[in-house]
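Some structures to go through are shown next.
Shared between the two complexes below is subunit A, which has subunit B as its partner in the first and subunit C in the second.
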Partner chain A sequence: MATLSVSRAPLGGFSFENCKRNAVLEADSAKLGSSVPAARKTGTTICGIVFKDGIVLGADTRATEGMIVADKNCSKIHYISPNIYCCGAGTAADTEMTTQIISSNLELHGLSTGRLPRVATANRMLKQMLFRYQGYIGAALVLGGVDCMGPHLYSIYPHGSTDKLPYVTMGSGSLAAMAVFEDRYKPDMELEEAKRLVRDAIAGGIFNDLGSGSNIDLCVITKGNVDYIRPHDEANKKGVRVNELETLCQTGDYKYKKGTTGVLTKVITPLNLDTVGEHVQTMDTS
Partner chain B sequence: MWGILFYSVPVTGFCPHGSYGVQDTLRSGFSSVKNEILPSHPLELSEKNFQVNQEKMNFATVRNIQGLHAPLKLQMEYRAARQIQRLPFLQSSNLALDTLRNSDESIGFEDILNDPYQSELMGEPHMMTEYQLGLL
Partner chain C sequence: MLEEQGPEWMSEEVKTGTTIIAVEFDGGVVLGSDSRVSAGASVVNRVMNKLSPLHDRIYCALSGSAADAQTIAETVNYQLDVHSMELGEDPLVCSAATLVKNISYQYKEELSAHLIVGGWDRRGGGQVYATLSGLLTRQPFALGGSGSSYVYGYLDAEYRAGAGRTDTQRLVVDTLSLAMSRDGSSGGVAYLVTIDGDGVEEKVFLGNELPTFYDQ
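So, the complex of A and B:
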């Protein structure tokens, strides 16, 4: 049995003990033709905009594992603090753990300062952590919230660069969503208009990108109020085929009508069975 | 200029841990050139030395802004706090050290993954105490 090395105290955090072994396993399995299991990603469309009173964040709800849909209704809008929420794209576990760690850190920080946390603080913490791990933590985030200085929206890339913009999109469907934003975004929109714009942007990602799908979740953050709308729009209902954006419900029916196949011959053989004996065995249910 | 040299602590990289810089086969097992020279992951070296490098950087900054005495005083407090430990094979809480480093107000991966408090392996008590006392 192995014991700890004498000279070094045990450290927490990531352990790189198995990296060499994994590299050897991967090379061996490639030789045999099989492949290493893929991490669950959220090939995704996430986006956010700043409107008149605050922030609207939107996300789809599909999580993929290679070419398979792993989760048809996962939640991609994560809680950071009562006034700050964060959408996550990339490796699902990485976004989940990163946002939880930052949420805890912000809570401790808020207890120490005694104030509501600012979005810039969360942004700074996230970018410093992601840069420390040089992009190996695959988390692309859209961070938005309303604090004492107004509404703020940031996009954070896995290597640690951030952008502060009025409208951002991330994920595999980001181009489709950005096309919708570039066409129809105006500064200082009303709430309903903003919600419709975000819904259309995510729908663009859902219908044009294979990595995004299922429903549309929205999160509206204003000063003193958060509206977490899940689901805002069930764009894809199972069993219902939608032809255009306006639902023309046509259920595809693959059952054949009775009599489609013609009957050529019919043979009936009666089986006459006699009762030989009866034996009752009671079950012991005590 | 000489201030930077003053703070150059030898980075605990991949040189062998035994005395005289030679691989200590009894304690650390067999060695191979590949294990010694190449890290198994690009982040391994930077993560191993992360705390040390952060402290070096902070002390250098404080030295440049506030003068030589500020980091000297802080390092004296660090050394004092580092001496408050349990026996070497037991987990110490490091409360004073955490307070000085401000790591009692933040949570990172080192608190969640591979928590030393929940490690399944324990060091051999006699060997570790003798090593610490320099008797081995």
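So, the complex of A and C:
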């Protein structure tokens, strides 16, 4: 059968198709006087530890765009599979899309194998993708989960190298968080102690790094159970203004109260509709 | 500092900035490495084992860019698995080294990693191969990584052909210790892997167990 166009199998490697278009857009917007929007980075503190029964992952919730906080409460702990979660630092879009792509592929893989996916599988998929893009995808990840072989924790760097360790930190606040871990980490900790340690490590990043802030999210993964605690600790709660306390109304209530717009007339017309016929067709699922 | 830049490793590539050694002895090989992985001035992993298995009795030592080195080692591990299944027997050390050399040479311009391959096979006994820049050469001993520059002289002077297992292990640990104390990019603990006809022995030397020299 003759085809109108020959479809070529996608070539490997990075696709540079859009670079010319981006260059033209940048030149055009410069002429108009506006600037191209900067990539939003998460400027983050993320960390994870292995404790007695599983994994605790922690993250702050600030997303920055240059020096401005773009999102005060963004979620940096991404779902990969029911037993695997991944914290992301670096370019927000990159971490978001990379984890979603691998999550989707892992779900298909799990349907094909008939088993719950292993953390090592997720790690391989992520590192092979990041290596293929030679560091241009700015995603630094902390991957943790519990599978049939026990709890596992990996740190994955943008160029595609990975480390399997009992405790890891990533992001601009990683040095502050690592200082807390190096001081207080012990193998086989109890749950409450582990949660407290992760909370303190993230707090170290939040208070000592400009790029991290707001609240602390935790994710506790054990065999057969995931506890996504968002927020675990509202380390930076916004204060209540004095006026609001007196008038007892919510801050920033922008709804118009009932009666603001005067009603002149009201006309009610019932619509008499007759049911002409009812036909149910079942789907052939054989 | 008002600019939110974060630590250097956010932008810097992660390198293993290493010391790796492989020495042949009568009946096997000893491979050794330090454990420091750095990105800029930060140490991102202080306990990384840079001696990566390619097959049951063939190991390789990683240096240079962490991502490139890990990827080469994992790719060759996979290729050797297929090769040994097709052969129906254990692969030769030379085959493993050739596979590493093929990748290192073909992607010479893009990759910046150096792997030293060492192992034992029935035909040739203990063998060490260097694959720097895509060449393949068998040597009695091989050094690699940023810390190797400091200990070439020591190893040249102390290496004895036909030495025994324990003497070679001691030589490797001494060389690693000297390199780690002089090279800023090497440090942490020392990993040792001894491969001979009977099997593989992995050992770790923690900081306080390393041999000390004049300044310690």
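By definition in this document, the second predicted complex is superposed on the first by the 204 of 286 C-alpha atoms of A that agree within 3 Å, B and C clash if a C-alpha of one lies under 4 Å from a C-alpha of the other, contacts with A are read in each partner's own complex, and residues count from 1 in each chain.
Throughout what follows, a contact is a pair of C-beta atoms (placed from the backbone, for glycine too) under 8 Å apart; a residue touches a chain by one contact, two chains touch by 3 or more.
Just so it is clear, the model here is predicted, and its values are computed rather than measured.
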{"item": "Partner chain(s) touched by A:133 [first = subunit B, second = subunit C, both, neither]", "value": "first"}
{"item": "Partner chain in contact with A:67 - subunit B first, subunit C second, else both or neither", "value": "second"}
{"item": "First (subunit B), second (subunit C), both or neither touched by A:222", "value": "neither"}
{"item": "First (subunit B), second (subunit C), both or neither touched by A:19", "value": "first"}
{"item": "Touched partner set for A:104, first subunit B, second subunit C, both or neither", "value": "first"}
{"item": "Subunit B versus subunit C as contact partner of A:165, first or second or both or neither", "value": "second"}
{"item": "Subunit B versus subunit C as contact partner of A:90, first or second or both or neither", "value": "second"}
{"item": "First (subunit B), second (subunit C), both or neither touched by A:208", "value": "neither"}
{"item": "Subunit A residues contacted in one complex by subunit B, in the other by subunit C", "value": "134"}
{"item": "Interface residues, subunit A side, partner subunit B - complex", "value": "2-16, 19-20, 23, 97, 101, 104-105, 108-109, 112, 129, 132-134, 136"}
{"item": "Residue ranges of subunit C touching subunit A (in the complex, touch as defined)", "value": "2, 4-7, 9-10, 13-14, 37, 39, 42, 44-45, 47-48, 65-67, 69-71, 110"}
{"item": "Residue ranges of subunit A in contact with subunit C within the complex", "value": "41, 43, 64, 66-67, 89-90, 127-128, 130-131, 134-135, 140, 155, 157, 159-163, 165, 171-172, 174-175, 209-211"}
{"item": "Subunit B to subunit A touching residues, read off their complex", "value": "17, 27-28, 35, 39-44, 46-48, 50, 88, 105-116, 119, 121-124, 127-128, 131, 136"}
